[in-house]
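Pasting a structure below so you can have a look.
The first chain written gets the first letter, and so on, giving A, B, C, D, E and F; residue counts start at 1 in each chain.
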Amino acid sequence: MLHILFFFLAFVSSSSNAMVNDFCVADLKLSDSPAGYPCVPPAMVTADDFVFSGLGVAGNTTSIINAAVTPAFVAQFPAVNGLGLSLARLDLAKGGVIPIHTHPAASEILLVVHGCITAGFISSSANTVYVKTLKKGDIMIFPQGLLHFQVNSGADGALGFVSFNSPNPGLQITDFALFANNLSSQLVEQTTFLDDATVKRLKAILGGTG
Amino acid sequence: MLHILFFFLAFVSSSSNAMVNDFCVADLKLSDSPAGYPCVPPAMVTADDFVFSGLGVAGNTTSIINAAVTPAFVAQFPAVNGLGLSLARLDLAKGGVIPIHTHPAASEILLVVHGCITAGFISSSANTVYVKTLKKGDIMIFPQGLLHFQVNSGADGALGFVSFNSPNPGLQITDFALFANNLSSQLVEQTTFLDDATVKRLKAILGGTG
Amino acid sequence: MLHILFFFLAFVSSSSNAMVNDFCVADLKLSDSPAGYPCVPPAMVTADDFVFSGLGVAGNTTSIINAAVTPAFVAQFPAVNGLGLSLARLDLAKGGVIPIHTHPAASEILLVVHGCITAGFISSSANTVYVKTLKKGDIMIFPQGLLHFQVNSGADGALGFVSFNSPNPGLQITDFALFANNLSSQLVEQTTFLDDATVKRLKAILGGTG
Amino acid sequence: MLHILFFFLAFVSSSSNAMVNDFCVADLKLSDSPAGYPCVPPAMVTADDFVFSGLGVAGNTTSIINAAVTPAFVAQFPAVNGLGLSLARLDLAKGGVIPIHTHPAASEILLVVHGCITAGFISSSANTVYVKTLKKGDIMIFPQGLLHFQVNSGADGALGFVSFNSPNPGLQITDFALFANNLSSQLVEQTTFLDDATVKRLKAILGGTG
Amino acid sequence: MLHILFFFLAFVSSSSNAMVNDFCVADLKLSDSPAGYPCVPPAMVTADDFVFSGLGVAGNTTSIINAAVTPAFVAQFPAVNGLGLSLARLDLAKGGVIPIHTHPAASEILLVVHGCITAGFISSSANTVYVKTLKKGDIMIFPQGLLHFQVNSGADGALGFVSFNSPNPGLQITDFALFANNLSSQLVEQTTFLDDATVKRLKAILGGTG
Amino acid sequence: MLHILFFFLAFVSSSSNAMVNDFCVADLKLSDSPAGYPCVPPAMVTADDFVFSGLGVAGNTTSIINAAVTPAFVAQFPAVNGLGLSLARLDLAKGGVIPIHTHPAASEILLVVHGCITAGFISSSANTVYVKTLKKGDIMIFPQGLLHFQVNSGADGALGFVSFNSPNPGLQITDFALFANNLSSQLVEQTTFLDDATVKRLKAILGGTG
């Protein structure tokens, strides 16, 4: 009976460095890399690292978008590092809107858990619009990198969860990219065909300068 | 004003064949390939293709596992083809169990929408066990290819949704791989250390022969 | 002397089907797939397939953007299929602008061959702006999926070439995604914070409806 | 004659940091990452790093499986780091068995160098069994992540070598994942349909608790 | 007892199209693609498809290289399609040589099964040489795309097997690329610094023209 | 107005570690990895990091090849790290030649900006030659890992730029791999069929020994 134990303990120890490859919980204190963060030593990893409870709490929707996005990306949930997957929670109060945006590095599936959400995306080059109104239990896929949005089209609040095929999909909200920074109004106007008043108005709302 | 339209229509048409790359809705009637199915021509694709409602209906849990798995993989939801993502619904009645299994080609995140689920996975080689009891709103990640399970540990039914970083993650339930086919009892016994009575009993339950 | 010929002819023929993997010139008449188009049979491929002369001709810049993009993507240059690379030519007349846009599936390097181009991109989430004015011989990289633009900031015309790490990077010009289709004005306004007059004006300019 | 030397020395030095990308011998003292270990500086690498002699020695088969697996994975052979390939040696004494197992992150090809081996794998979902008896010189492929086994079906010992398309394929032996750790007997029984006596017996044999 | 069968038969059939993703045996009659060949329908696949016996037979070494390469690439062994792995057999008679060559799309591990082989590769840019003499049981790794060679340095014949992390690694023997085709002698001389007599001599030996 | 700012500042900060994934400017002082270099902290990155001016200057063509290659790979242009793309400049004086070579890890597209260049590549196994003479504005693609060359076939100098789908494509010039190092003349002769005088002559020219 002991032989097999000896054999396997020997085997396991001889390749124990390799075991970390089952997972690679991010050590966020070290430098990121193109493939993600270095791994916490497996001996320091516990079951708690693989569970995240932050999506169980509704986000604060008291903003002009009446909505909140709560991410469980690698920065919040280090266990997804290197595993090619992450989640986020969408809370949409009545009238809530997730403004038009892209995820530079991931496709997304929206699952509607409560309420009624109108969602859509636009294809590249052909600029074809794909819009649907979703009810509880419906899922919709948004292909990688394409502009898309979600709007609460119901009478009450709505709740959704979005899955991404990246531990760190990124989020680029078009209005914030254009109006919430110091990109000069002249460049914004030249590259969007928007007039100066509109650009200035949105920079004022969203905290931009220039 | 027309110039720009001419310009862009010209541009769009000149590269219209490329536009299909925004997405590739599977044409399940054609042969699969290592990268997935060939694409339905984009002109035939509508918004309906990107939405799937099959996860809005509870699966039938009247089985000895008191549970059901309802997939939204490429075979059920062709729009996920090539987009690296899919979902499934887990219904667990009281006492429901998703038996120990693997997904050969994907990592998984479980989201608990209702009830209480005890879930775990085992690392390779070190055989370390990571088990947690999850409540509504918790998420847990299961690294690619590792044995894992989910058990309803609450007093009532439980509902979860699982995300995968593959349009077709596969599902290999260990008991079904060993006992629900014609793999000879002798080979099962040699390769599992199970005794003949146990193998014969489980083959009888799960429909296996040999 | 003949032995080696026999040996190698034998070897080559025995694995000749595999040779197509050196390259896979797209057969655009067949269905696309997530990995690209099926290959033209290698016996039908000639040196001409690997050369494209379409970038030697200036694009027509007589449009309101005073600029033209001439792609050498898989639709125009089928030899790039499966090889992870493509090019495009940018012609910018005096005052020319490539409006703010993304490439959903590729990073880009701009090479300035003539004139003076001011280019920039915005990071996701942090919304940080990276803008530089480039002279002849300068190169600038635009990370995958991020909003970016190019503006002729010189007194004369400018010429650039852009490289992409995809045979089919896609092109999503934000204004065309929002205003050159039938996406309802109401949804555009809800998801961009733009006012109705602005949306209607741009839809009129860019050929949109709704 | 010197010009070309000057030219190339200049060229080489200007891009010398890039040379490490030809290979990346693992520095096992540093943290692993999702893409593998950091590289030993190329100046410290010698030809010896690219050769491993550990597979030239038979493994110790005096165990209840009468077999041994000797890996040349990244932990034993750091030069495979980042190169997408590794090997292992299988020694099967008379009656030897490699118990049913998976490799979470790689496909495998078995080459029979001596003796007679009966090997098989089971497909996912369909649970189809693919079993063959192999003689010297035969090769068999086992697709990524699927349960498979090898049994010595000859009168004498058998020797095989297995190749993997990963520097660190992992090894999850089903019996060890279930019975060689502290996974509670109750959870094992719930998720495998095995009875308590069987679970307790195998935990005793394989060193498990709980 | 029947419930679970109904449940699982239902489940399996509902996602049966997806099962092909466990493997994708190449249908060599259809067009190749950047990801490999389309799949033979899984219902037509048998265990025989996953086994290849062609490497059990010594190659014909009666050529001026006194060596033979017997491939088990996708063209010979269609089951490797999409699985990222292939093998080949090297027979080296006394004095046998595998001339300097590259595999454009794969790394390689050589396993010496019999005899004594001197093997080496050269790094890019730095042009560093890594040469070792290998005995039975030794393995050596050759990084992707780098020039390498194998020479029988023993008194008798040698036998090796090489593994590749591609189903179709390609083989470009430098001498055959330069001298066994119609590449003009002038271009060969300009791009190799070889003199006309040498080029003409090797073209005559290897069957080249021009 | 402030709510949305609070909301987004909160969101941004909560996921700020993830933002580095938009780009990963190489920290060349740290160890490389199979996926590239660790990232400079994003807070230390400026627009200057994304621009490289080194390709604006002609390389020194006063060598026996009358040509120069000026790379903008990760070692020279750290911003390409992890972004899958790089560039290089080719200066060819009258009679200039880029000797036959490979890039182990990338496909290449050549753009002719000035003059006339004859370029070609050879397929693997079939050894088919694909040669074309290119004029200003033409582009030609060279598939990954295959031997190729460029020769100035015009009356004056020529200028080209080459794009690669890797931040670090490598460069292995066949003559330098064979003759510019200490690879023994005997091994070169055995593996190339070149005679001793030729090998000795080229080692003398290119600085090799042995």
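Everything that follows uses one rule, which is that a residue touches a chain if its C-beta (ideal position, glycine included) is under 8 Å from a C-beta of that chain, and two chains touch if they have at least 3 such contacts.
Note that this is a predicted model, so its numbers are computed, not measured.
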item: Separation of subunit F from subunit B in steps, with touching chains one step apart; value: 2
item: Joint neighbours of subunit B and subunit A, given as chain labels; value: C, D
item: Centroid-based (C-alpha) most distant chain relative to subunit F; value: B
item: Separation of subunit A from subunit D, taking each centre as the mean of its C-alpha atoms, in whole Å; value: 35
item: Inter-chain centre distance, subunit C versus subunit F - centres from mean C-alpha coordinates, in Å; value: 21
item: Inter-centroid spacing, subunit E versus subunit A (mean Cα positions, whole Å); value: 42
item: Contacts with two or more other chains, residues of subunit C listed in rising order; value: 11, 15-16, 18-19, 22, 30, 33-35, 104-105, 120, 124-125, 127-128, 131, 143-144, 146, 170-171, 176, 180, 205
item: Pairwise chain contacts under the document criterion; value: A-B, A-C, A-D, A-F, B-C, B-D, B-E, C-E, C-F, D-E, D-F, E-F
item: Footprint of subunit E on subunit C - complex, ascending; value: 1, 3-8, 10-11, 14-22, 24, 27, 30, 33-39, 41, 81-82
item: List of subunit F residues in touch with subunit D within their complex; value: 28, 30-35, 60, 62-65, 68-69, 71, 73-76, 104-105, 168, 170-171, 173, 176, 180, 205-207
item: Subunit A-touching residues of subunit C, taken from the complex the two chains share; value: 97-100, 102-105, 118, 120, 122, 124-125, 127-129, 131, 143-147, 149, 151, 170-172, 174-178, 180-183, 187, 190-195, 198, 202, 205
item: Subunit F residues within the subunit C interface of the complex; value: 11-12, 15-16, 18-19, 22-23, 42, 46-48, 50-53, 55-57, 72, 77, 79-80, 83-87, 107-109, 111, 113, 120-121, 123-128, 130-132, 134-144, 146, 161, 163-165
